[in-house]
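Going by the order they are written in, the chains are A, B, C and D; count residues from 1 in each one.
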Amino acid sequence: MTTLDINHGPDGATGRPYHETYKPASHFRSKDEEFDAVKIGMWLFLATEVLLFAGLFVGYAIFRMMHPEAFRNGSHYLDWKWGCLNTIVLLFSSWTIATSIGNAQRNEQKKLRRNLLITVACALLFVGIKLTFEYMPKWSGWFIAFDPALSHYESDTSALGGLLHHVPGYGGKRPGSLFDYPFAENPYEPMWWSIYYCATGIHATHVLIGVGLISWLYIRARKLHFGPGHYTAVEVVGLYWHIVDLIWIFLFPLLYLIH
Amino acid sequence: MNLIPTTLADGFWHWLWFNEKAKSSAGVATIGDELFMYIFWLSVVWFVFLMGLTFYFVVKYRRKPGQKLVRSPAHHTPLEIAWTVVPTLFLVYIFFKGFWGYADALVAPANAELINLKAQKWAWRMTYPNGAESPLSTRFTYTDAQGNQLTSAQDAPIFVVPAGKPVQLRMSSMDVIHSFWVPDFRAKFDIFPNRYTAYWFQADEVGDHPIYCAEYCGDLHSEMYAILRVLPEAEYRSTIDGWAIPWDQGPVPVGKVLYKTKGCAACHTVDGTPNTGPTWSHIWGEEHEFEGGGKAVVDANYIRESILVPAAKIRKGFPNQMVSFQGQLNDRELDALIAYIESLGANPPAPGTGHSETGAETEPAGSN
Amino acid sequence: MTTLHGEIPGAHGHEHHDGSYLERKGGMVSTIIDWATTIDHKKIGVMYLVAVLTMFFIGGVAAMLIRYELFEPVRIQATGDNVGQISGTALANLFGQKDISVAKADNIYNRVMTLHGAVMVFMFIVPGIPASLGNFLLPLMLGAKDVAFPRLNLASWYVYVFGSIFGILAIVMGGVDTGWTFYTPYSSSHADPGHWRVVFMILAAFILGFSSIFTGLNFIVTVHKLRAPGLGWFDLPLFVWAIYSTSIIQVLATPVIGITLLLLVFERLFHVGIFDPALGGDPVLFQHFFWFYSHPVVYVMILPGMGIISETIAVHSRKQIFGYKAIAFSSISIAAISFLVWGHHLFVSEGELVATIFSALTFLVAIPTAVKVFNWIGTLYKGSIQINTPMLYTLFFLFTFSIGGLTGLPLGALATDLHLHDSYFVVAHFHYVMMGGTVIAFLAGIHHWWPKIFGRMYNERWAMIACVLVFIGFNTTFFTQFFLGTRGMPRRYASYPDQYQLLHQISSIGAAILLIGFLLHLAVFIGSLFAGKKAPANPWGGLTFEWEADSPPTTHNFHHEPLATHGPYAFDDVVPPHCDPKDYPIADPLPAGSKRH
Amino acid sequence: MSHDPHTHGTAAVALDPTDPHGATHHEHVIIPRSTLMNVLLVLLFFTLLTVGLSRAEVWAAGFFGIEIPQWVNVAVAMSIAIVKGLLVLLFFMQLKYDNKLNAIIFANCIFAVGLFLFFSMTDLGFRGVVYEWKKGEISLGGTGGVSRGAGDHKETISGNVTHFAREKYLALWGPEKFEHIRASVKHDHPHGADANTANLSRAITGQTGALSATAPTHSAGGHAPSADGHAAPAGDHPPEAPASHDAPKDAPPTGGH
């Protein structure tokens, strides 16, 4: 995000907030031109993001076409409830950040900060659910004690004072050569897990980057950097966050719902 | 159908590009050569025209001091349309002709002799319809300026194929991607470890043709030669019958044949010299140390495991380059190979076997 | 001719009266800090120029080593004094590796060959023209003060250097023998198993991709938003059109190599199996992923070269470019078609159906390319042609690029490609396009804009001698390789049968001539920097905006924001800025009532 | 954020200095809160709809044995995802109100994705155009073992990794415990993974079976077919006989077919 706010105006020099005194970089003719330019730049960047994920979608489509039964089995191993919950979480966070742009435009500083905070919380919730309820049991067989799914299985050991429980034979659903699950029904199942972990892992990395960016927005919003006169950063980070959501809108049915 | 006069497509010009005529009568070779010479002359005409024009303009309109500029049109629509459409027509023709030859290369005639081809780092293996594999190999020899004899670095296997009959190869690889190219037949196709690809040709004349690997495959990529020997069909039949595996003679002769035909000889010697892999001479009963610790005595189980799961125990000093032969060798063949290794002598060598004259073993004899 | 460009009062309240961008700011340390933290596109352009030429040098050394090795094939003595000894392993001997196996000797060649490919492609030729000349010239040609995102621009340079360091690290750690294409499963499971250097080389290419994306993104926005007043789309210099098309490809294709290389790193580290057939993956899928980027990127390499030629040929023959719109649109259509033809790199590995489709589409790309060549030659007609180094290189380009293009025909036709694929014919073809096209255009461009960039003239006579040496050396090196290919020499071979030796030796001798030519150029450039005549603002009589700026330009490029009042190539009607009408006589005025083209 | 279009007396051309190329920027739009809220509600509705349809299909298959073809499933789920995506693009990302250029950029990018997908799938999906057997895959595990782990946990995998894992745990637990754990993990699986295991697998056509059917079967040595040459289409039946599954399926015709 090095491109934003080339010219840090005299912050508070006149006692007025940054967004009111904001001046565009000297090579732009106006604030609007800068805003437009940054937005075009961001859309170009979003195009690269989409094409980055395109590789994973193409990999998914091709291996699904070649080994439908492995993907069908693999899809059954995922719990649609967690996927659905995460979808709702992300959609909601998309809404909060879209609203926060309106807050900045209307100079509603308190709501702006609140919406940004909610967005960060949703992002962390998303990653938390992914790690604790989806990745961890599937990868290692260790469940967290309050995982509802744990009641279905017989655990043999526990750790961390009963916080973690191990279910033998559940874990080992890992990609490629790391695969260690004894009950696979199709020799291509490790391929499903490769696609699953690569796609959701890279997506989750994007979510974490989003956490960093939105936290940065929050810090700046506290300093009254955004308002009707200047909200470029909120706008472009918002775009980034929506594309993360958009990718998930497609990953969710592909991974969890198609049998 | 001749695209261009024979004098331009043959003789000197053909020699200049290809040295020799295509030795396959399959469509890809005949159409390919014809099309290549056509494109060549087309290119020559265009190139000479364009460069001539350029040269003429540069000389004629060179800058003279103080001379005023002369106006000329900055574009000319009919001309521009013409020089867009005319090349397009040529291109359409070239595409169709190229597709024609390609389509021919894809579909072998129904009466084709079917031969299996396997590629591995860095050797070729052909399995004939009767299960035989070629035990023949040679090295290319050269003479340098001082009159010394030089040879190519690796043994090149010699494969035989019948003359005057289409031959189809079903190709697969055991490790990485290779590519089967016989320049004399003007075609190549890649060879993959996870699927079969096909190649066909029909060589009408008796003769030898070099085979190259055209897809980069590692260290000895450039030494991955083989020779395709075209024989009269009757001779071809009797040759491959003669190569059939001698199952009735017991395991050791079978093992000796397999050693040559399954690609073992590419990396393992039987005379005591270490190669890419350890020698087989006098290792029976020897104790081997492994990379990353551990040791074991060479016995039937150890050899079996090393053939099927080469990565399991890697002998010190021989980084693993071997592929798994799981599925490539059945139990009888494995037993035959084990028996053959045992027949090459125990360690320490029994007096008078005469196998260890080079003494190039990595471990001193009698270390255990 | 200040009367020809107006200024808009009030658009920018203050006037810049600053000095040349090359002016030193204080002592050595502060100058270095000034350069290292600069967001001036000109300095970044020069920094890129130095960086890519350094990489060109490293890649060039590798090329020389390749030709050195191939002077003699690898053989084993069967008779004579040294039975069993290996001969023809020039590289192994050079690196002090005596008495080694053929496999080891070949391995050294394979590493040098990979080094040459990877460095030349990822670190030299892809960033080459756009990031150096493009960065310097694009804002100048648009009449802008800078690119849209100057800090991103600097970041892109640092990312480039960071990525290159990864690549160099891989080389220092022992080199990589995968070939620059990293084909699986060789790269994922067989090349140097367990070693990090392969991962480093892959990461280098991955990181360099970001640099490429940043540059491309920046340029697109710059062209859209920062054109000077009056500068419409069809008043843009053709170099800008070319860079713009290039940037579209960079933005749309590079992310795909990003994910490909990322998956390849996962493949190497964890064996995820997407591309590894041992685990159920598909190696041809990797090739599709790889070439979806790497084919369009061929046009990232050549389009800016075409842009340079469009500039040099117009300026040095003082002629309105013939068919401006045809050239501009052909740039865009080449960019578009480039996404449709990647499969021709897979004719011998992909399915029959797509091979046919891709072959047909491949011929499409020949059409706009041919149109460009015709237009350039048409531009020479009735021109006022001056022969100097940039023009000599331009003619050189027309010669070699035409050969490069025409030899693409048998490679695009399926029947002939089955023979020529992966042979030296391909090697020769793409060197004619990449080197005979891009590098030669790059040299034309460097000479053309050298006075503008550094404010000094170079020695014309010696530069032209060097150009002739490069021409002879280049054609000797690579024309022979066409015959090697058709006669059956596969590429990436460390050794070869005897029948190819003569041609290989001619090629190696050509490479030596080429080297002398390049070294002479280097000497001319260094001489110019230290003892060159001061350059006038407009030494060639160009009409585009960069010639209105000083040589070298001031920190803020222009003294006033320029205003476009004439086309970029209106030589017939406009006396070039800073030029004397006596030296640059324009054409007689058109009779009243007649319409300009 | 509008500008006063003012003309300049001195310049020959009337140019807005802040926007010399005319109207490339737009009014900044403030999207009404109600619009955003409605869009969110519609998105949530579609999420529940696509999940509901998917559940309904599983239920229908399990309860009534109705097998809906997979393409219907894919088409429905993808159509809903596309609608959701469009809503996000148009309203949350403001493409509806924005500079058209941004929409063009995004459309081009989607087009590039389409090309990528189309050509790659056309290749890998149409390998058997000329010969059916070209389509088949030779077994996994053909390239000779991958190692994983380090030290005492180092394992070298030979053959298919799924069979390797099965063998490993069979040896570790013994057959009885293996079956017990299998029942506990799979039977109570919340998604009923075994609903119709019989139909899960599909023989991959064009493997060695097809090959040997067309290849001449003359065998000079006349030795009996051996166990490891048995061509087992992957997953055709549960792997009770692991040996047959470990076998790569590309033994040359001589291998006793």
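The definition used in the following text is that contacts are C-beta pairs under 8 Å (C-beta built on N, C-alpha and C of every residue); 3 or more make two chains touch, one makes a residue touch a chain.
This one's a predicted model, so the numbers in the text were calculated from it and none came from an experiment.
Undergrad: Once the contact rule is applied, which chains count as partners of both chain B and chain C?
TA: Touching chain B and chain C alike, sorted by label: D.
Undergrad: Check B-D against C-D and say which one is joined by more contacting C-beta pairs.
TA: Taking the two pairs in turn, the one with more contacts turns out to be B-D.
Undergrad: Among the chains, which one keeps its Cα centre farthest from the Cα centre of chain B?
TA: A
Undergrad: Find the geometric centre of each of chain C and chain D from their Cα atoms only, then give the gap between the two centres in Å, rounded to an integer.
TA: So the centre of chain C lies 37 Å away from the centre of chain D.
Undergrad: Between chain A and chain D, what distance separates the C-alpha centroids? Give it in angstrom.
TA: Taking the mean C-alpha position of each chain, the two centres sit 20 Å apart.
Undergrad: State, to the nearest whole Å, the distance from the C-alpha centre of chain A to the C-alpha centre of chain B.
TA: Whole-Å distance between the two chain centres: 49.
Undergrad: Could you list the positions in chain A whose residues touch two or more of the other chains?
TA: Within chain A, the residues that touch at least two other chains are 29, 33, 36, 40, 44, 47, 50-51, 54-55, 58, 62, 66-67, 176-178, 187-188, 190.
Undergrad: Please list all residues of chain B that touch 2 or more other chains.
TA: 106, 175-176, 193-194
Undergrad: Listing for chain D: what residues touch at least two other chains?
TA: Answer for chain D, listing residues that touch two or more other chains: 17-18, 20, 24, 101, 108-109, 112, 116, 120, 124, 127, 130, 137-138, 140-144, 146, 148, 161.
Undergrad: Sort out which chains touch which and give me every pair.
TA: Listed in label order, the chain pairs in contact are A-C, A-D, B-C, B-D, C-D.
Undergrad: Within the complex, which stretch of chain C touches chain A?
TA: Touch list, chain C to chain A: 11, 139, 144-146, 148-152, 155, 213, 216-218, 220-221, 224-226, 251-256, 258-260, 262-263, 266-267, 270-274, 276, 279-282, 285, 289.
Undergrad: For the complex, give me every residue of chain D touching chain B.
TA: By the definition above, chain D touches chain B via 127, 130-131, 133-139, 141-147, 156, 158-159, 211, 214-216, 218-223, 226-229, 246-256.
Undergrad: Which of the residues in chain C end up touching chain B in this complex?
TA: Those residues of chain C that touch chain B are 74-80, 86-87, 101-104, 106-107, 109-110, 177, 179, 183, 185-186, 190-191, 193, 277-278, 281-284, 317-326, 348-349, 352, 355-356, 359-360, 363, 366-367, 370-371, 373-375, 377-378, 380-387, 395, 398-399, 402-403, 406-407, 409-410, 412-419, 421-423, 483, 486-488, 490-499, 571-572, 582-583, 585-588, 590, 597.
Undergrad: State the interface residues of chain D toward chain A in the complex, per the touch definition above.
TA: That would be residues 1, 3, 17-20, 24-25, 28, 30-31, 33, 36-37, 39-40, 43-44, 47-48, 50-51, 54-55, 57-58, 70, 73-74, 77-78, 80-81, 84-85, 88-89, 91-93, 98-99, 101-102, 105-106, 108-110, 112-113, 116-117, 120-121, 124-125, 137, 140, 146, 148, 157, 160-163, 165-166, 168-170, 173, 178, 181-182, 184-186, 188-193, 197, 200-202, 204, 234-235, 238, 245 of chain D.
Undergrad: Would you mind writing out the residues of chain C in touch with chain D in their complex?
TA: For chain C paired with chain D, touching residues are 6-11, 185, 189, 224-225, 227-232, 248, 252-253, 256, 271, 276-280, 282, 284-285, 288-289, 292, 339-340, 342-343, 346, 350-354, 357-358, 563, 565.
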